[in-house]
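Everything below concerns the one structure shown next.
Order of writing sets the labels: A, B, C, D, E and F. Residues in every chain begin at 1.
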Amino acid sequence: MVDALILVAAVLAGLAFLLALLRFLLGPGPADRVVAFDGLTIVSVTGIVLAALFADRVIYLDVALVYALLSFLGVIVVARYLERRP
Amino acid sequence: MTLVTLAIATGFALVLIGLLGALTDRNILRMIVAFTIANTGVNLVLIGVGMLPGRTAPILDEAVSVAQAAARIVDPVPQALVLTAIVIGLGVTALMLAYALRLHQTRHSLDIRTFTELKW
Amino acid sequence: MIRTFFVVLLLLGLGAVFAGLMVGYTPDAELNATARYYADNTAADTGAANIVTAIIVTYRGLDTLGEVTVLFLTAAIVALVLAAGREKDPASRIAPPPAGELLTTGSRLLAPLILLLGVYVFANGHLTPGGGFQGGAILASAVLLLLLTDPLRHFGHRLISVVESLSGFIYVLIGVAGVVLAGGFLDNRILPLGDFGALLSAGAIPVIYTLIGLKVGAEFASMLVSLSETEEPR
Amino acid sequence: MSKARHTIALFATLFVFWVLLNGTLAPDTLVIGVLVALAIALLFPNSLSALDDLAPLPRVAGAVVRFLAYFIIQLVKANVALAYVVLAPSLPINPGIVKVRTKLKSPVGRLLLANAITLTPGTLSVQLEDEFLYVHWVTVDSDDIEAATASIVAGFEKELEVIYG
Amino acid sequence: MGTLLDLLGGLLLVAGTTFLLLGGLGLVRMPDVYNRIQAGTKATTLGTLLTLAGAACLQPGWTIKLGLIGLFLLFTNPLSSQVLARAAHRGGLHPAGVTKVDRLAEDNPRELGPKELGEPS
Amino acid sequence: MTLVTTVMGLLLALASVGAAVVAIRVRSLPVAILAAGLVSLLAAVLFVLLAAPDVAMTEAAIGSGLTTFLFFFVLGRVRGGGDHD
């Protein structure tokens, strides 16, 4: 039962990942792609947590921690670039 | 298709895509971008080769005791190699970008076709 | 174009080689002899729970010293290459758009936590994933966050280079101490191995990794700072 | 606020985070935690911590609980509303950027307010300038400053004013 | 007791990932950058928090670490969205056609720039 | 649960190859850099699936902020000379 629920969760997360990826591939502008990038990294945090559950290793969560705290830096870097007037 | 072959195939694909970009693009910055992609691909291949299916990370804790380590962990050596390779990769990227910046400061162009001094 | 044609031809050949490598590939079922040695003996030899860390810091410690040196040279060359384009007077630099209050407050709030996370990552390198290289990168990320918020912020070159050279010096000193007190260069058994799994265990590994972390962090930070001090065009 | 109090607040935050990260109370962990937190608190005096500007404790505790409860309700509401918007075939939206007023002075309080607004139904903080907060609103009811303030900001500001007096 | 907690954890995981899916749908369906940011931030934040709570129910020993991840996300996620929204606005990207009011552009006329960011690339 | 991990790996593999193609094909340079950053972040998740958390953490710490910043910084300095192909 619980395994089935986790399976459903993984499938849903996968679909969310695909939708965000679709937005990244479609664009149309840089800002849209950055939003999609943000979404992808957050879904990836969920992916890492699920991987930790499957592998039953608590140490994988450290990676999720670093990932959660630093992936937003990438977004801020791009945002700071985009806001400079040409 | 197992996870290991999948990872190795992805790594090779990234290497090829990266090399294609690095060899066909004229803009130096784009060549560096393509280079970093190829770099990631090589790392992926190495980790994929070190992975043994069904095993877990080479870190011992409550989940993996010392006694059962040899039967349950993946090969740690490629991981150690790739770890340093990634860090050096950043150093190499920074160096390439610094040179690109200098080239642009002196020649006001990033097109590889304008740099012909060392061409033969 | 003829050039593109040759490139594609070359890559097709390379792809064929890769495909040939892939076709017959089956992953091993057992560890090879080297990995097996590491799996069986790391805990007893070094007291480290993270075998990757043990390989990087002790078994292949000399290589890591080389890596760190390469990184140092890279940072130095980046600074040298960019030195010609540096402004003499920081006040004359063109001001980029201000960061806005939200980002300023957010980075003042998050930067110390990112620094703390970096220290956690390299101090626990022998227990959890992570170590000096990751921790150093995280420290540099905190510096990057501060630089993004305030591009004109003046970072002390002196502090960065003092941290960098001091940690490098102590690192080599510990390596030599390993020759004198224990089995060889960078042997971690100059300090007691302690309880397996505690923060202060695995001999000198946490100390060495902390030094590597500080050194790598300072090197990346000096790269970022020397880049950000180059001249804005026009 | 005095400099010493600021440093102590920062130190305490960092130390708590260190203990949570390590997940143990072993003496060596605590000693190293004290050293690390102290070093960071002293080397980066420009930093802020969530404990800065905090009002005296007994008054705050209730307000924090009420703030969190209100916030969680709003977050769930936001998602239900978003689900409705996203799943409806016609995308019933009427977006715009409105201006609202905030009376908060403490930087941390203002950041928390902006973050909370971003996570609540249909609103996204865009810029914070002096006493004005520019908010992107998916369904603009009214572009009058006071009316928008009443419907977007008031609920959070009431509690945050108590917390960061 | 254990099985009940496990069941709760599984249900929370499914609920969380459902919100992630809604966020992804919002990213694809919304008409302009600002609305996409809205959809992205809210749904992914709540979705990730619920997923973390579900994982905490399945593995009670991991609660502290999962809580820390949630806490960091609660700060970084809206912050990056706000910075991005501000950058998009300063970069000269205006809210999509259905929008009626834009107080920020009215107050800062100098920020009306070319529509560089919105153009297809 | 090996099937689920494999499917997750497949998704990540597809996404990273897609992002790599975007990176070398798209006309706008900022998007190319962003796509390269995405490749390295997705590779980090793949490393977790491949039981290499150390490597994953390195890739996440370096690929997310530092590399992207270096590229965007240089791009900001060479604006104008960056894109004429």
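Some observations on this one:
We adopt the following convention: a contact is a pair of C-beta atoms (placed from the backbone, for glycine too) under 8 Å apart; a residue touches a chain by one contact, two chains touch by 3 or more.
Predicted, not measured: the structure shown is a model, and the values here were computed from it.
Counting steps between touching chains, the shortest path from chain B to chain F takes 1. The interface carrying the most C-beta pairs in contact is the one between chains A-E. Distance between Cα centroids is largest for the pairing of chain D with B. Centre-to-centre spacing of chain C and chain E amounts to 31 Å, using the average Cα coordinate of each chain.
Work out the mean CA point of chain B and of chain C, and you get 16 Å between them.
Separation between the centroids of chain A and chain D, computed from CA atoms only, is 23 Å. In chain E, 25, 37, 45, 65, 68, 72, 75-76, 79, 81-83, 86, 90, 121 are the positions where the chain touches two or more neighbouring chains simultaneously. Within chain D, contacts with two or more other chains are made by residues 17, 21, 111, 114, 125, 127.
The set of chain A residues that touch two or more partner chains comprises 6, 10, 17-18, 27, 30, 34, 50, 52, 55-60, 62-63, 65-66, 69-70, 73, 76-78, 80, 82-86. Residues of chain A that touch chain F in their complex: 3, 6-7, 10, 14, 17-18, 21, 24-25, 27, 30, 33-34, 37, 40-41, 44, 47-48, 50-52, 54-55, 57, 59-60, 62-63, 66-67, 70-71, 73-74, 77-78, 80-82, 84, 86. For chain B in complex with chain A, the touching residues are 56-57, 59, 61, 63.
Touching chain E in their complex are the following residues of chain A: 1-2, 4-6, 8-10, 12-13, 15-20, 22-23, 27-32, 34-36, 38-39, 42-43, 45-46, 49-50, 52-53, 56, 58, 61-62, 64-65, 68-69, 72, 75-76, 78-80, 82-86. The touching residues of chain F, when paired with chain B in their complex, are 2, 5-6, 9-10, 13, 16-17, 20-21, 23-24, 29, 32-33, 36, 39-40, 43, 46-47, 49-55, 58-59, 62-63, 66-67, 70-71, 74-75, 77-78, 81-85.
Note for the complex: chain E touches chain D at residues 19, 22, 25-26, 29-32, 34-35, 37-39, 41-43, 45-46, 64-65, 67-68, 74-75, 78-79, 81-82, 85-86, 89, 95-96, 98-105, 107.
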